[in-house]
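Both complexes below contain chain A, partnered by chain B and then by chain C.
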Partner chain A sequence: MSGADRESSDPRDLALRVEALEALLREKGFLDSAQVDAIVRHYEEDVGPLNGAKVVARAWTDTAYRRRLLADGTAAIAELGFGGPQGEYMVVLENTPTVHNVVVCTLCSCYPWPVLGLPPAWYKSPAYRSRIVREPRAVLREMGLELPAEVEVRVWDSSSEVRYLVLPERPAGTEKLSEDELRRLVTRDAMIGVGKVRVGSEASGG
Partner chain B sequence: MWEAKPPVADPTVALTGAAAPPRRNGELVFGAPWESRLFGVTLALCEAGLFRWEEFRTLLCQEISAWEAQGSAKESWSYYARWQVAFERLLAEKGLCTAFELEACARTLAARPSGHDHADLDGATHPRTR
Partner chain C sequence: MNGIHDMGGMHGFGRVEVEKGEPVFHARWEARVFGMSLLAGLRLGANIDERRHGLERLDPVTYLRDGYYGRWLVRLEQSLLERGVLRPGELAGRLAGHKAAATPLPKLPAPARPAEHPFLRTVDRSPVFRVGDRVQTRNHQPAGHTRLAGYTRTRRGVVARVYPACVFPDTNAHGQGEEPQPVYAVRFEGRELWGESAEPRSSVYFDCFESYLEPDAHA
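Up next, the complex of A and B:
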């Protein structure tokens, strides 16, 4: 392995290096660039928190589904057509008035891609990964979520296999909303556990 | 650092780093084209069965903790820069691509005239990623 120059994080150097990597692997026959295009497009355009929001809205409106989801997350999520890399072993964590779950990957960036897409920058940041374990309430407060002292905070560290999805509490006053209307309330942050679902703060479209 | 919400009209501003601008219901998926290519190449090779994801994840964790252990003298944080180092290590370990080959190829690409589409080693043309 070469030394210092490969540690450079100059974006131009990195861009060049990645370009060289792709060209070499293609030339060697290991790689089809059209497949790379398709993968990138899939994660940029097709997969995102909307999938997880559908799971949550279904669980809120269908008691039997909710039970299946909490018993076997992977299978229940697959019922809605979601699965694939980083979703092979899904565990769903139910928030209640007394327990609040929040998810992290302390070592890198493990995240349930099929239901949430790729993780936001803050989820991958050294600060979040280290601090949410040590001082979850303080970090959540900084992120805009103040939890009463009597609520137990459980921090879940994604291991090499398990990926977690938080099932947020259904907000009060939403009894008359349809599954589709509920789905639009569910945010990515609520499904990581750094936010709550609130009425009137719809996840914008996406 | 985790202000999320408001849509950003100009996604070209400050695209790299931990504070990449958010857009609808979240943030930009990738901060720069090279990040998306790196992600796609890694996943494509994994899907082709050339390595198990866990093998890559282990190296990525090592690179991230190595960066964190450097203390204050370290370079600025870039998640995909760590990914790149981990991926290069994996490719070398698997005998798929050596650092020597990679550097030679990067030098060739760097010597191209700038500012227009280029021909790759195999003649395929793509827009410049950067």
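Up next, the complex of A and C:
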């Protein structure tokens, strides 16, 4: 296969090409644009890091749930109503004061869609995919997370259909917060393992 | 295959650039390609391994130049051509302003009977390895699809987790059957993977299908 017929990756050309392709497929009766709209809407509006944040906040406030989550991620996540493509076998990795977990897919860009939505551009970038396995501390530092030397760093490369979600540490000083307030602190980056949850910087949702 | 997609451990890609407030899709065409690809996967009956291999088969220049959804677009067009949904030149003709009617659809496969699970399978044998076993990855370098990354080949590690039997991508991507087998999360020390350039107290946990592994002969 080659991209030889596509000399330009000019965004205007791509937009025209995709529009023409969709029109052809519609005319052939191969697909219905309303179905495409529904899929796009689902991933733009219904699925995102908010789902994962609900899982994390529940685990922080409910010890029995946390135990179930670490023992069988798929089932515990399904209790909150989340599951489906790219989340059919979920494993939850617990960050502690001594062990920091971070997730990548070096071979493509596998990512737990039902709990985090679609991956951000940096997660799919050659820089992240190539470097995080080799120099995790350096990459995390660049992304704003300095790990103390005594902390062990474990990089999980999603090379099978298993999908990993990081359970970040609950920040100190949040003992009085409700599950709902905690949920708003949890960021996507903390659930991938490239950040920590901090008090005072609410999740941007991104 | 030893392709450009197998990026773990490569040098030269620079810093990880993080975009603040990033949208789910950066342009409408990306969203349309994403939606059309999911639908086409269902209509054409292509499995996930076959679809991943479709991306790996892109030439390296296209792979790096076109970006994530750009690659999905090339793969989408390619699979539609391979299944006869698109005729050669049909899309180019449309783009050149030809008003010819779309050619009719070929006969497409009937939707497959849904399996018990997308990839988990029941097998009537026990996993060969257990948690704590010392293992070594094989020097497995097929020209086709594999999920054993180059940086983990012929490396020694310890089984950290045992997962249920899953469909084997190396055969499933090529219509050679599902060959379900256990999967293991194997822990490889940084030093084993990267030699003296490894960062201290770092390791990689890599999911290995059972046929990628053999007992560590030196353990």
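Worth pointing out:
What we mean here is this: the second predicted complex is superposed on the first by the 198 of 206 C-alpha atoms of A that agree within 3 Å, B and C clash if a C-alpha of one lies under 4 Å from a C-alpha of the other, contacts with A are read in each partner's own complex, and residues count from 1 in each chain.
Rule of thumb we're sticking to: a residue touches a chain if its C-beta (ideal position, glycine included) is under 8 Å from a C-beta of that chain, and two chains touch if they have at least 3 such contacts.
Predicted model, so just to flag it, every value in this text is computed and none were measured.
By the document's definition of touching, of the two partners only chain C reaches A:E152; chain B does not. Using the contact criterion defined above for the overlaid structures, shared-chain residue A:A76 touches neither chain B nor chain C, since it reaches no partner.
In the superposition on chain A, A:R134 makes contact with chain C only, not with chain B.
In the superposed model, A:V92 lies in contact with neither chain B nor chain C.
In the overlay built on the shared chain, the residue A:E142 is in contact with chain B and with chain C. Of the two partner chains, both chain B and chain C are touched by A:P120.
Once the two complexes are overlaid on the shared chain, A:T187 sits against chain B while remaining clear of chain C.
When the two complexes are overlaid on their common chain A, residue A:V162 makes contact with chain C while staying clear of chain B.
Of the two partner chains placed around the shared chain by superposition, neither chain B nor chain C is touched by A:A59. Within chain A, the residues touched by chain B in the first complex and by chain C in the second are 1-2, 5-6, 9, 11, 14-25, 27-28, 30-31, 35-37, 39-40, 43-44, 48, 85, 107-109, 117-118, 120-122, 124-128, 142-143, 160, 204, 206.
If you check the complex, the residues on chain B that touch chain A are 1-2, 4, 7, 16-20, 22, 24-27, 29-34, 36-41, 43-48, 50, 53-54, 57, 60-61, 64-65, 67-68, 75-81, 84-85, 87-89, 91-92, 96-97, 99-103, 105-106, 108-110, 120-122, 124, 126, 129-130.
Touching chain B in their complex are the following residues of chain A: 1-2, 5-9, 11-12, 14-28, 30-33, 35-37, 39-40, 43-44, 48-50, 85-86, 107-110, 117-118, 120-122, 124-128, 142-143, 160, 187-189, 194, 203-206. Residues of chain C that touch chain A in their complex: 5-11, 13-22, 24-29, 31-36, 38-40, 43, 48, 52, 54-55, 57-59, 61-62, 64-68, 70, 73-74, 76-78, 80, 85-86, 90-92, 94-95, 101-105, 117-120, 147-149, 151-152, 161, 163-164, 166-167, 183, 185, 187, 193-194, 197-209.
Within the complex, the chain A residues that touch chain C are 1-3, 5-6, 9, 11, 14-25, 27-31, 35-40, 43-44, 48, 85, 88-89, 91, 106-109, 117-118, 120-122, 124-131, 133-139, 142-143, 149-162, 204, 206.
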